[in-house]
Amino acid sequence: MKTCFAALLCAVAATVASADIIVQSTTSTANSGLYDHLLPQFEAEAGYKVNVVAVGTGQAIRNATNCDADVLLVHAKASEEAFVAEGRGVSRADLMYNDFVIVGPAADPAGIAGSEDTEAALRAIAEAGALFASRGDDSGTHKKELQLWSAAGTDPSAASGAWYRETGSGMGATLNAAIGMGAYALTDRATWLSFGNKGDYKVVVEGDPDLFNQYGVILVNPEQCPSVKVDEAQGFIDWLLSDAGQSAIAAHQIGGKQLFFPNAN
Amino acid sequence: MGFGEAWGLALALVLEADRDLLEIVGLSLRVSLAATAIACLIGLPLGALLAATRFPGRGALLILVNALMGLPPVVVGLVVYLSLSRAGPLGFLGLLYTPAAMIIAQTVLITPITAALSRQVLETLHDEYDPQFRSFGLTRRQTIGALLIDGRFALATVALAGFGRAIAEVGAVMIVGGNIDHLTRVMTTAIALETSKGDLALALALGIVLLALALTVNAAVYGLRAGAMRAAHA
Amino acid sequence: MHDTGMPPRILSVAPPPSPFLPMRARGLALAPRGQRLLGPIDLTLRAGAITVIMGHNGAGKSLLLQALHGLLRPDAGEIRWGDLPPAEARRGQAMVFQSPILLRRTVAANIDFALRAVGRRDVKARRAALLAQAGLTARATQAARRLSGGEQQRLALVRALATDPRVLFLDEPTASLDPAATAAIEALVRTAHDSGIKIIFVTHDIGQARRLADEVVFLQEGQITEHTGVDEFFQSPKSDAARAYLHGRLPGS
């Protein structure tokens, strides 16, 4: 009996082919359907599978630090550069960008709809004490949001639990919570466009250069992590940065709208 | 978004025998059944041992095992993640983000359930059998074997309780499996994913399918059990 | 305390030699948490006699039986079976309880369980013989716990015999059986006795004691007040308690 189950375990484990690679990435890219669009094209060419684990940027970087990844594809440039500087990653390349938007209820209690000035909008939210739902999970989006508050000269953490609500969860869960309680939220545009539970919510702030959202891709350093499949992982990165990969990123649309804008050098 | 939409969607998913759905359902069953089987192999003899023996510290051990029934799946997932991570002690096995890792996590999660519940049902049986078994001068191994055999119908319910917990949990498999499409995505992580995409109708539809799955497994075990009980006239 | 070690009433043939007997209990006492329930008891039981233990409810009959069988650990005193070391003596004993403790299995499987517990290899042949002895051959594949009360106790008895005991304890095995079922059990006990098994039998049934017993051990409040041949016990009981018991009165009344 026992050997039978040990064999079962091994049989199940064996479904991971040796050449397949693991990409630690963000919920924003995965939830927008980008990988469903890209991976079949790449896998058909490459002949091996790319397995995407979608978590917050902070956790993705920590998982990669534990060598549980071959490739890191996230959006928090400062953290990414630190990751490479520590020798955890080989090098970082710009891959694509999209932008963040602030979404809010039709009632617009802070009166910021149509604004292109993020700092002013955030100050208005704080002054009105209007509800704001934050990721609060050390993700790329969360880090971006904290930068924006800081630039606006406001420290929302004092109001945590009052009008500033930190959900500590992913983008989708945070949007569900924001819509449930009538709070504003910062989200990447790709997640928002593909999000299915919008209620009466609309984009209220967009177009500010400060809302630019850069994605980078990093090969995990095989010297730190001998388990890294260098050839396969580099193959995937090269393809993403190639003309073919870049145009595949540009071709990903939802409702006729392009979600990510390739900008590899 | 209403429940009606979700029911319609669930029905459509099942009737179309959607390939992705079948894959996810298949993996859910494979992982949770394997975890249940292993948890029973470990937990039932352990439960029988606890039911049949008296030793100093037994009370404290029973409290511990009972308390472990309430292990949060996320904590189990985290501990298994840290063990199976490349940076962890078992990283060399390369099991993280595989169905095997999910089986391990669910096994850890439900072994206390199978052990604690089987201890409970077998202790009643042991109290009844004990004078006769001591009269026979049975060894501990013989006693445990007899308890497991004679308690088999109650233990089927114990196994179902473990299976129910395994198939329904999301926290552990999410962390150690990674919810990777076509590799480690199961019903519960798919539901979590659709919820985070805001596709609540699809999430609820998947939940309905999961419920139907649990019902089917329970009905199958109930049927097998009733048939076996008739055959054994027990 | 009486330990007359009376010879049995009838000894037409010499008892077969048994390494288990005589059984000698000296200073035997049960006193859980300091509360004395039994003893001190001095008792010698010889081969070849059916010993019946009697006494009012709560006198300690079952406790004595379980202590002799080793199911209860005495708080004082010792028991010696012949010259055997305790572990070896333990292997030659079996017990039948007031309400049979049957496994949730078929009749045949209950017997097989006992045969395997003592490591018998000829399971099939022995099972067939024991089923026939109990008159349960036709019931072999039925669930043991669905049998009638009398059938269940017959099964429990032959299952005890399956372990090849040299000493057989019976604790009121017919207490809840009708006269016919009781007679069947008594016949099985008689046969076991005839095959040289030492029978130690607890009963409340005075008629049964007259039919089966060679000697009677009478207990009152955890002490042996009489240990005597069966005729003497019934004709001239020495203690007030025994007299009260035989006349259907409570002790001391």
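By written order: A, B and C. Residues from 1 in each chain.
Simple rule for what comes next: a contact is a pair of C-beta atoms (placed from the backbone, for glycine too) under 8 Å apart; a residue touches a chain by one contact, two chains touch by 3 or more.
Which chain is which protein? Per UniProt: A = Tungstate transport system substrate-binding protein; B = Tungstate transport system permease protein; C = Tungstate transport system ATP-binding protein.
Quick caveat: nothing in here was measured; it's all calculated off a predicted structure.
Peer 1: Averaging the CA atoms per chain, pick out the one whose centre lands closest to the mean of every protein CA shown.
Peer 2: Chain nearest the centroid of all protein C-alpha atoms: B.
Peer 1: If every chain is reduced to the average of its C-alpha atoms, which one ends up farthest from chain A?
Peer 2: Chain C.
Peer 1: Please state which pair of chains has more C-beta contact pairs than any other pair.
Peer 2: Looking across every pairing, the one with the most contacts is A-B.
Peer 1: With chain centres defined as C-alpha means, what is the inter-centre distance between chain B and chain C in Å?
Peer 2: 47
Peer 1: Could you give the separation in Å between the centres of chain A and chain C, each centre being the mean of its C-alpha atoms?
Peer 2: 79
Peer 1: Taking the mean of the CA coordinates per chain, how far is chain A from chain B in Å?
Peer 2: Using C-alpha averages as centres, the distance is 33 Å.
Peer 1: Touching two or more other chains, which residues of chain B qualify?
Peer 2: Residue numbers touching two or more other chains: none in chain B.
Peer 1: With touch defined as at the start, can you tell me which chain B residues reach chain A in the complex?
Peer 2: Residue positions touching the partner: 1, 30-31, 34, 37-38, 41, 85-88, 91, 94-100, 103, 178-184, 193, 195-202.
Peer 1: Applying the document's contact rule, which stretches of chain A touch chain B when the two form their complex?
Peer 2: Result: residues 1-2, 5, 8-10, 12-13, 15-16, 22, 27, 31, 35-36, 49, 51-54, 63, 65-68, 170-173, 175-176, 194-198, 225, 227 of chain A touch chain B.
Peer 1: What part of chain B is in contact with chain C in the complex they form?
Peer 2: 128-129, 131-132, 134-138, 142, 146, 149-150, 232-234
Peer 1: Hey, which residues of chain C end up touching chain B in the complex?
Peer 2: Within the complex, chain C touches chain B at residues 66, 69-71, 90-91, 93-95, 97, 101, 103-106, 113-114, 117-118, 142-143, 145-146, 160, 163.
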